[in-house]
Amino acid sequence: MRSATRYTYLGPEGTFTEAALRTLPEAATRELVPMVSVPAALDAVRSGEAAAALVPIENSVEGGVTATLDELSTGEPLMIYREVLLEIAFALLVRPGTRLTDIKTVTGHPVAQPQVRKWLAANLPDAVWESSASNADGARLVREGRYDAAFAGEFAAATYGLEPLVTGIHDAENAETRFVLVGRPARPAARTGADRTSLVMWQRDDHPGALLEYLQEFAVRGVNLMRIESRPTGEGMGRYCFSVDCEGHITDRRVAEALMGLKRTCAEVRFLGSYPRASAGTSAAGASAAGAGRGERSDERPGTTDGDFVAAADWLARCQDGRA
Amino acid sequence: MRSATRYTYLGPEGTFTEAALRTLPEAATRELVPMVSVPAALDAVRSGEAAAALVPIENSVEGGVTATLDELSTGEPLMIYREVLLEIAFALLVRPGTRLTDIKTVTGHPVAQPQVRKWLAANLPDAVWESSASNADGARLVREGRYDAAFAGEFAAATYGLEPLVTGIHDAENAETRFVLVGRPARPAARTGADRTSLVMWQRDDHPGALLEYLQEFAVRGVNLMRIESRPTGEGMGRYCFSVDCEGHITDRRVAEALMGLKRTCAEVRFLGSYPRASAGTSAAGASAAGAGRGERSDERPGTTDGDFVAAADWLARCQDGRA
Amino acid sequence: MRSATRYTYLGPEGTFTEAALRTLPEAATRELVPMVSVPAALDAVRSGEAAAALVPIENSVEGGVTATLDELSTGEPLMIYREVLLEIAFALLVRPGTRLTDIKTVTGHPVAQPQVRKWLAANLPDAVWESSASNADGARLVREGRYDAAFAGEFAAATYGLEPLVTGIHDAENAETRFVLVGRPARPAARTGADRTSLVMWQRDDHPGALLEYLQEFAVRGVNLMRIESRPTGEGMGRYCFSVDCEGHITDRRVAEALMGLKRTCAEVRFLGSYPRASAGTSAAGASAAGAGRGERSDERPGTTDGDFVAAADWLARCQDGRA
Amino acid sequence: MRSATRYTYLGPEGTFTEAALRTLPEAATRELVPMVSVPAALDAVRSGEAAAALVPIENSVEGGVTATLDELSTGEPLMIYREVLLEIAFALLVRPGTRLTDIKTVTGHPVAQPQVRKWLAANLPDAVWESSASNADGARLVREGRYDAAFAGEFAAATYGLEPLVTGIHDAENAETRFVLVGRPARPAARTGADRTSLVMWQRDDHPGALLEYLQEFAVRGVNLMRIESRPTGEGMGRYCFSVDCEGHITDRRVAEALMGLKRTCAEVRFLGSYPRASAGTSAAGASAAGAGRGERSDERPGTTDGDFVAAADWLARCQDGRA
């Protein structure tokens, strides 16, 4: 069943993903449906059952979310419409009345563990960790009495009838997760001047210098890379594709020319969208869906503005016409 | 307690890691100790309780094992002594007597899921998947009756009193996992002519073209990259270090000069070892610890052999002495 | 006085330049006017007194003809319409009756000297060389009795009433001079598939890596350089501009994009024309004005044909429209 | 006859070359011998008849002196010991009593012509120019009455019994000529911290991207190019070698490594010397043999000091020894 008003997200309820989704203004008027996995959330978009899905793509401590990266690079094409940055801080959720000294077992999503490891070693050195399928699922298991405490977002406490014994737990400063709202391919959002463009590149053949060549396609047009991750293509050890974010919008001339250069040079390029860069805000939710903050180009190479491209094209036309 | 004869590995017993470890000739004379996590296996090496640890570092379908990558790049330095490649094929383990049509629930490590997803869809479309902490742990849960079947290595069946109902399951051709034997820093193994060198590089500052510069340090000396992965430094979104494998040995002149170039260019470089390249063998174990197979340099740039470097150094000395 | 039928050339009569000019089919229907210098020949074009001028631009032994390079890069813009390659072999011209043993003094253009030096050392070791303003002028001075012999083209003998005592003299194998027919800026000749494009580039500022950046603008689009010469800008020691020929035509997409990239990156770019590449023929004249011979691209980088560029532009448009 | 006290120079007496030579302190104690050509001056060094020769190598208006460039790149190896910069300003030399309005014919070396062309057009628009073999030779011809005036250095007036009618003539501001003192190969002069290194590079094969690769050998080590000129190899049109000056001394680590890289990458490299950079001084002579002025590196790439190289080599040794 098609639904233009349904958004899926990586569930269950009470996850950081849901918290991120609720920072979007339109979330208030959408039906928000938790899904058991990233592939399930995205398949609902592919099939038309949902208009879009919010899934995590990158964590500043744990790195890329491979399920999301791989889903976006294979199968029926999807596109990133926008991004949400959320500061990640955990609460230690317990059944009401539990004291810190009562806690023998703790749980949480495997991704949460390295983000709370130091806190655990300092505060609950003897507690045994067991992973759960999600932070929210861990909360459920605490409520059911299987574990004494769960790391989850503070917002999950109410949902599961728990209370936050400790809040603001995060080993790393600046822990953030970046989420993307993914839909079917569409005309990209309008250029804001502080945009991000995502793509996946496959090597034409497995020649050793390919990555260097791809980076030069960006560099020679003055397009800055923001993120690059290699992912296996599944064709055997040592065969990679590259998931990349660069500064700028597909309608920026320098970005457009770099993309065309990559299209010519790579075996395949999949355009995953141009969208406003988000910055972690200072709102109550700790999230911001569209970014004033990280706006400007980080390093301007001379001769790469739209005006420079237009002037060069005019000059070329004059040369070709004998009017230079 | 120090032990020169103890090797730890990512447990529990019955995992592919154990199978990989047992392909090493010296495994027969070592005490093999399963550990609950990669950090635990490596911390035993750091503390001196074990001489080395075998941990997975890369899977041809799932990509890098981030726990291993991150452990190697932070904390007290460790070094890779050698690598083992293991072809990954799953068996569907069941309690004796179980038929395919009896299976309603299946389990396995989350990493196994994408490698058997297509097989499941084709053969057990209605079975419900739940992840377990490891493939071996899944087998244990099947024996305990919690699930009907578990994906694991065929070798795990005997350990857990199960039987392999189906074997050789793998969605992707050429599914392999690369494991590394990690110890305390030591003089690297002798050059074999078919070696791999691993390192981690941190950016001096976050300037956009840094990665391009690092790749040029390799390229200009004709050193081929085999693997590159970006990992977050934990200092905030968009801050990465790069985990890299290149062809060749630290005593190869071209590799040595590239490493020194990176040392000068990067904020920090951590050398993780030079060791023989492994190739997946055709032995019963499906593994090979030292590689004849993938030996030769994949793309020889003229002027980059050791002989070329020696001749150039001789020439330079003659120039400096006025004898050129 | 404007004249569409007048061609100037670097005189005087009897020079290799005149010989090269006469290989052009249209030379038969033009008024051919020798001029005393390259600037004079080109100024006649600038002023409209001549439709075009033939001047030497490069010799395979002596290198670039700096007067021509500098005239093309400064002043009122001109454009190269076509090129002519001429094999250079000298004849030793003497007054009738002179024997080799009679020759005490020889003359010729300074550029001729290094091309006959070995021959002189072997055959006339005691003869004294003095330079003349041109090879033809040397012939005139021999006729007037000032010198005993002159090096010049064999074709000059009749003009000056001399006889060729020895012919086919050239120290270097493959000695050729490339001449260019220069006119006022106009729409370039149609693409032939074996073309040459000439330009001059000035650095935006004198930063050390500028030349590397310019070469990358060519390389990243797979455009091969055929010639590069640095010339002083006249602004002081160490300030250069670069005179460059590349393979291809300004209407080849890869060339067009490279030119635009240079236009954006350089302080200034002067387009000097796209024209068919000539090859030295085997005709009686030893010249060929349009080149079948050196036609094909010398090293094809994948993804750089016009078709590749068009396909990439189509793909970009689809991405921008949400139809990728 | 060998002579350690004889210096040759490009004559005749009264040329700018002699003036440059006389700025060298040791010139006062040497026998200074004018030679008729650059090859003759250098051959005297090769044969041992002279200890060194001073020849022009580059003019800021006219560019490279090809006779010098080609002599240095072929034949028995020579080496540049030092350089001298001389500001070039011409005097118009006439027989005593001659007034400007009397001048119908002027002469001078062909290289002088473009440097005085504008002055001539403005001040003697009707005078006829004829080239002479050297500026000094032109002065001689004026004395003999063949021409009315000669452009030469003011210092040449006395030698030829002429008087300078006008002085300080130069079309271009900052007109300078760089001269080099050339001897047989020897240990280079000690590093001063403001040095120049000269070399010639031949391509291994004629592949289009060779120059780009050579420039990268410099760039990756942070060595700045000061001058690059392509010269034909004499093997046919389109075959070049590259004459290059870079900042720094052969004992600077970054320069040494770049030279070795080029030695490995090029078909051949000829080292032409490391010597102090000169700057045009304000002395009466207008010359300065050793340069304080243009001293510092023009653009410091991080990680390329000698200290950085030493630290990297130490680190490499520790890695190779297992002590990193």
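Observations
Think of it as A, B, C and D in the order they're written, each chain with its own count starting at 1.
Here is the rule we use: contacts are C-beta pairs under 8 Å (C-beta built on N, C-alpha and C of every residue); 3 or more make two chains touch, one makes a residue touch a chain.
Everything numeric here is computed off the predicted structure, so don't read it as measured data.
Taking the options B-D, A-C or C-D in turn, the interface that duplicates A-B in more than half of its contact pairs by residue number is C-D.
Centre-to-centre spacing of subunit C and subunit D amounts to 26 Å, using the average Cα coordinate of each chain. Averaged C-alpha coordinates give centres for subunit B and subunit C that are 59 Å from one another.
Here the spacing of subunit B and subunit D, counted between their Cα centres, is 57 Å.
With touch defined as above, residues shared between interfaces to two or more other chains in subunit D number as follows: 216.
Judged by the touch criterion defined above, the protein chains form a single closed ring in which each chain touches exactly two others.
The list of touching chain pairs reads A-B, A-C, B-D, C-D.
Residues 58-63, 66-67, 70, 85, 110, 114, 130-131, 133, 172-174, 176, 178, 207-209, 211-212, 215-216, 219, 224-232, 234-240, 247, 280, 298-299 of subunit B are the ones touching subunit A in the complex. Chain contact summary for the complex, subunit D toward subunit B: residues 77, 79, 185-188, 204, 213, 216-217, 220-221, 250-251, 256-257, 259-261, 263-265, 269-271, 302-304, 308-309, 311-313, 315-316, 319-324.
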